[in-house]
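Consider the two complexes below, in which chain A is the common component and chain B and chain C are the respective partners.
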Partner chain A sequence: MVFELRRVVGGQFHPAVVKFGLQMHRGLLRGSTTRVFGLLHTLSQVLRDYEAPAGKELIRDFDATVLKPSLEFLHRCRPLSLSMRNTVEVFRQTLFGMENTQGDNEVKLKMLEHIADSTEFIRLAREQIKLTAAARIVDEDVVLIYGYCALVTSIVKYAKEHLKKEFKVIVVDTGPDFEGKLSLEELCCAGIQACYTYITALNVVMSKVNKVILGADAILANGAVKGPIGASQVAMVANSRNVPVLVCCETFKFTETVQTDSFHFNELGPESELLNLTENLNLNPGSTSAQIKTLNLKYDVMPGDFVSALVTEIGMLPCSSVPVVTREHFLRRA
Partner chain B sequence: MRKTQRMTDEDIAKHFVEVLRTEKDPSDAIAAIKTVIKLLESDESETFLELSRELNRWENALRSHSEGSVASIISGFEQIQQHMTKKDMDRTDMSKCRKFMIERGKSYLVEMEHRKCRIAEELTSHIADGMSILTHSRSKNVFRALKLAMQRGKRFKVYVTESMPDKSGHRMARELTELGIPTTEILDASIGYIMEKVDLVLVGAEGVVENGGIINKDMSKCRKFMIERGKSYLVEMEHRKCRIAEELTSHIADGMSILTHSRSKNVFRALKLAMQRGKRFKVYVTESMPDKSGHRMASELTELGIPTTEILDASIGYIMEKVDLVLVGAEGVVENGGIINKVGTYGIGLVAKALKKPVYVLCESFKFVRLYPLNQSELPAEFKYPASVLKKSGVNLEEEHPLVDYTPPHLITFLFTDLGTLVPSAVSDTLIKLYL
Partner chain C sequence: MSSDCLVELKTNSFKNPTHAAQVTLDAVRNLVLGNAWTCAKDLFNVLTPTERCLFGAINENAPFARNLILRCLKIIRDDYTAIYDANKSLDTHTQKPSVGWDAQPSYAVPFEDLKERLLDSLSELSAEMELNALNMAQHAPQHVHTNDVVLTMGYSPHVELFLKTAAKKGRSYHVIVAEGGPEKLGRKMACSLASEGVAVTLISDAAVFAVMPKVNKVVLGTYLVMSNGGIRAMCGSHLVALAASRYAVPVLICSTSSALVPEYPEVFEESMMHKAPFHDFAPKALCVMKDGTRPAMCNPMYDYVPPDLISIFLFNSGGYVPSYVYSLRSELYSLEDISWIPGRSPDGEKLSQ
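Our next item is the complex of A and B:
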């Protein structure tokens, strides 16, 4: 697999890049934030081992000969999520912002510092979101969560273990990964009363729910939330019953792109996750597998109207404020 | 032979009142039917046409001379006329005819008695354990249904609106409490606030109109006081406030009808300025219980010479179709651009949205607060209840009337502030720039 990709993309890659690519390809890294951490870690390793060839300028050479092909390789292993693209964008902006810095070592040190700062920033942001969101959970609440999001489970656990709130959690799950079971395991360890169900029963359980807490892969400039496939359905049903929907998301995941439907930019999972044509189906001898197509989308986009509030490290915001935050961040970096 | 003394309208009304008094708690429609039967017994019409005219006269008499609900009386009369004057009736012999009609009327009453139980019966299956039910004013059918559900062992909670001006909800609440049903009496203006806790709304109807709509009581609310907010305005604020009024004036056109809730200095100032600029418009002010602050607002506006009508808090739904613009103040503007204001604002916002009327909020930017309520129950208690109530020990806040409610941003068209005219989402943008 690696050799094939190398041939397509061309060039040699740092072992850290290959390792990270394979981890992504095999789906070992769960959650977009985990992959962002992975990406930052990989970038730091690559940068540390990089030496600019004689007569070449570090910044431009690193960008052209190392960064771009590596990212291309990673993208082919698994499409980079919007939050990863954001991270790369900020990384490159910082890199090119150092053109006046003297000495290659100085640039490398500063960039490594930038990566360390970014990692720490995301970690602190998640910590802050955990505190803000957990404070919204009150006694006797029934909280609905969907699939698995490390941030969301940490919020619920914090509300139980540190804030000593007594509430119930409904875990809504769906195939093909059934990641909700992970959430369920963590909740049980924390001693939280939980109910597990499939998304097919969503409408039934929603009447009992008074708060929905979701994670997100990215928040788009029009306030739409890009989340795991099915999340928009959860938000829609919650909205139809006037149940507030909280989306927990670090501001580094706010993007300037706009997307109104889920097809514009998405990721397709392998067909085999949904259906094994020879094993699961009893096909007539005449019919061919070409007749059957599977749709295994990984993400969907929920309109901002369904979201009551975004819980971010800078506080709770309405979805309409996304462009303001990105603009402020951009101005600050510039 | 002509009847010597025709019954006067007053006599007919007296009959009706007599029935209401002697019968144990009949509905107005049933009382009307009983009155008709009684009148028929002493009727001396000689032709069927004459009898029909008499029936019409009785109906009009009851409508104009009794305190009963007109919608109920009309429907009662229509039902009984349909029932009594079936085609198979022999219309030649008037005495036979009358006898036949009286019998029909009585059998109808018996049938109705039986049917009433069926209403309660049918409803019981829709009430589930743990439900919160909101009901308005006093309705015998609703009462009967709730009583039956209670007897069947259903456990539920009831919110009853106080239902001004006659406070009939108060009686309903008392009767339900006597039955042992947990009941909370709420202000008429609190319906928006309470709605999120409610699973089911039960209302009786005085009449059901042909398109399936119902006519029911126009209502309102109760006592309790509001903390007088002692505000010392700074000179700069004084200046800025003028800007709010200034900006709004251009949005007021001649001939407009404006609805405002409670008393707001900003709204008052804006209306005053518009008046001084020669705009001619009409204002509806809600009475705004429990402190009747709208009453003061209305008298102040009238003093200025603005045509002002004070309306019941409960009649916002009724008045909204006549209104071009809703103007409210705000006690606080929260992070998402929603507002916290005198209880009843949310209800007005909802009705305005449903009838597609613009809602303008007038407030200074120092009222922006870093608070993000998701619904009414998330409003902090100190916003909702006066300090005197919070200080008392052992108070069940669920039983207290909230003084303010939260109006979410999607119900608000514009906020007129000293920073300029903002859409609700711009509030959050302003706060982000301030705090980020």
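Our next item is the complex of A and C:
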């Protein structure tokens, strides 16, 4: 696979890039934040080992000969998430902002510092979100969570273990990945009273829920939330029963893209996950499976009006505040 | 003897809704053929307790048997009244003219031609039942057009027949099938439709909202139809209907009038949580809490979809809006047989019994 990709993209890659690409390709890195951490770590390793050829300028050469092809390679391993694109954009902006800096070593040191700062910033943001969101959980709550999101499970666990709240959690899961099992396992280990259900039962369980907490992969400039596939359905049913929906998301995931449907920038899972005709069907698979297509989307876009509040490290915000926050970020960097 | 032929019904060994209705109809026909009764009242004495017994039955197909008994009760009442009126008008000159409401018929007068008339009506009902689904599917070409994108969830024989009929009538359209719960019966549906040459795309239940903007029509099957026009259908139907209403996509419910129960949804609230077996998706031994207990699992069989999320019902007798279903109820069933049911009458009053 790697060789094939190398041939397509052309050129040699740093071992860290290849390793990270394969990890993404095999789905070993769960969650977009994990992948952003991975990306930052990879970038720091690549940058550290990079020496500008004689007579070339470090910034431009690094960008053209190392960064761009590496990202192209990574993108082919697995499409870069919006939060990764954001991270790359900020990285490049910072890089080009150093054109006046003297000495290649100085630039490299400053960039490594930037990467370390970014990593720390994300870590602290998650910590802050955990505190803010956990404070919203009160005794006798019934909290609904969907699939697996490390941030959301950490919030629920914090509310139980540190704030000593007594509440119940309903874990809603869906195929083909059944990531909710991971959440359930973690919650059970933490001693939280949890109930497990399938996404089709949403309407039935929602009557007992009084808070929905979701994670997100990105928040778009029109207030839409890009989350794991099915999250918008959870929010929709919650909305129909007037149950508040909290979406936990770090502000580095706020993007300037706008989207009104789920088809752009999506990822497709393997067809075999949905269509495994050999099992438990008495129909003739050979003749019919060719005519059956599958659409195994991995993300969906939730309209902003389903969301009661975004929980971010800078506080609880409405979805309409996203463009303001991204502009502030931009101005601060400039 | 008369009650013997209904014992089978009470033991609830129905295979599917059609089977339940067929077995019940045969039992009622045998009852009518037998000599254990002389007047209509004797029939009520056998059928009414059976109907009430079936109302409380756990079996998922029992409501269809019960609905059929209610239909038969209505037929007996109508036939009796018709004969009674015919005989009355013959000697009307000897009686005082009646003013206002007629007294409740006693159903106690034995008429010789009642048996024959009942048997005729029952075979009519039997013929109607056989054609139920086919008649419903005849509406398909009106609703499914070439280049349409239709979304359905899980497997329903009525929806299958409906969509296949549309395909046979030369409509070339696209169907998106959602898996439909942990049992994934949607795959059966997808294979069945593909074998008819329909273009099928299979999606997971989580992707229903994501694909809804591309859909022209949602077609769902149902288990029961309530008198208020709501449905008790496969778990997940509410989700699909809600997503459709968000994108203003019409929701068509394919069913037959034998699924129409005379109750209102509040009667079913308690029995809503029938548990389906947990099949393959339960995380088995891996989730044991610290104190050794296992987390609770919730896997309901049915969902309730309120009438405001439904656009059209397609029954064998035609298309209806949800608000008209209560009228169909009074057409099919006699108020005397269903007035004991707790709940409200169609005009919103609490019934006295």
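Keep in mind that, in the parts below, the second predicted complex is superposed on the first by the 321 of 334 C-alpha atoms of A that agree within 3 Å, B and C clash if a C-alpha of one lies under 4 Å from a C-alpha of the other, contacts with A are read in each partner's own complex, and residues count from 1 in each chain.
Please note the rule applied: contacts are C-beta pairs under 8 Å (C-beta built on N, C-alpha and C of every residue); 3 or more make two chains touch, one makes a residue touch a chain.
Owing to the predicted nature of the structure, the values given are computational and were not obtained by experimental measurement.
In the superposed pair of complexes, A:324 makes contact with chain B only, with no contact to chain C. By the document's definition of touching, neither partner reaches A:64: not chain B, not chain C.
Touched residues of chain A were counted for both chain B and chain C, and C has more of them. Of the two partner chains placed by superposition, only chain B is touched by A:316; chain C is not. Once the two complexes are laid over each other on the shared chain, residue contacts for A:178 go to chain C alone; chain B is not touched. Shared-chain residue A:308: touches chain B; no touch with chain C. Of the two partner chains placed by superposition, only chain C is touched by A:201; chain B is not. In the superposed model, A:296 lies in contact with chain C only, and not with chain B. Of the two partner chains placed around the shared chain by superposition, chain C is the only one that A:233 touches, whereas chain B remains out of contact. Overlap of the chain B and chain C interfaces on chain A comprises no residues.
Across the complex, chain A is touched by residues 196, 335-337, 370, 372, 374-375, 378, 409, 425, 428-429, 432-433, 435-436 of chain B.
Looking at the complex, you find that chain C touches chain A at residues 176, 179-182, 184, 187-188, 190-192, 194-195, 197, 199-211, 213, 234-236, 238-239, 242-243, 246, 272-273, 281-283, 286-291, 295-300, 303-304.
Within the complex formed with chain B, the chain A residues making contact are 136, 211, 242, 244, 246, 308-309, 314-318, 320-321, 324-325, 328. Contact residues on chain A toward chain C in their complex (touch as defined above): 170, 173-176, 178, 181, 184-185, 187-189, 191, 193-205, 228-230, 232-233, 236-237, 240, 261-263, 274-275, 277, 281, 283-285, 287-289, 291-297, 300-301.
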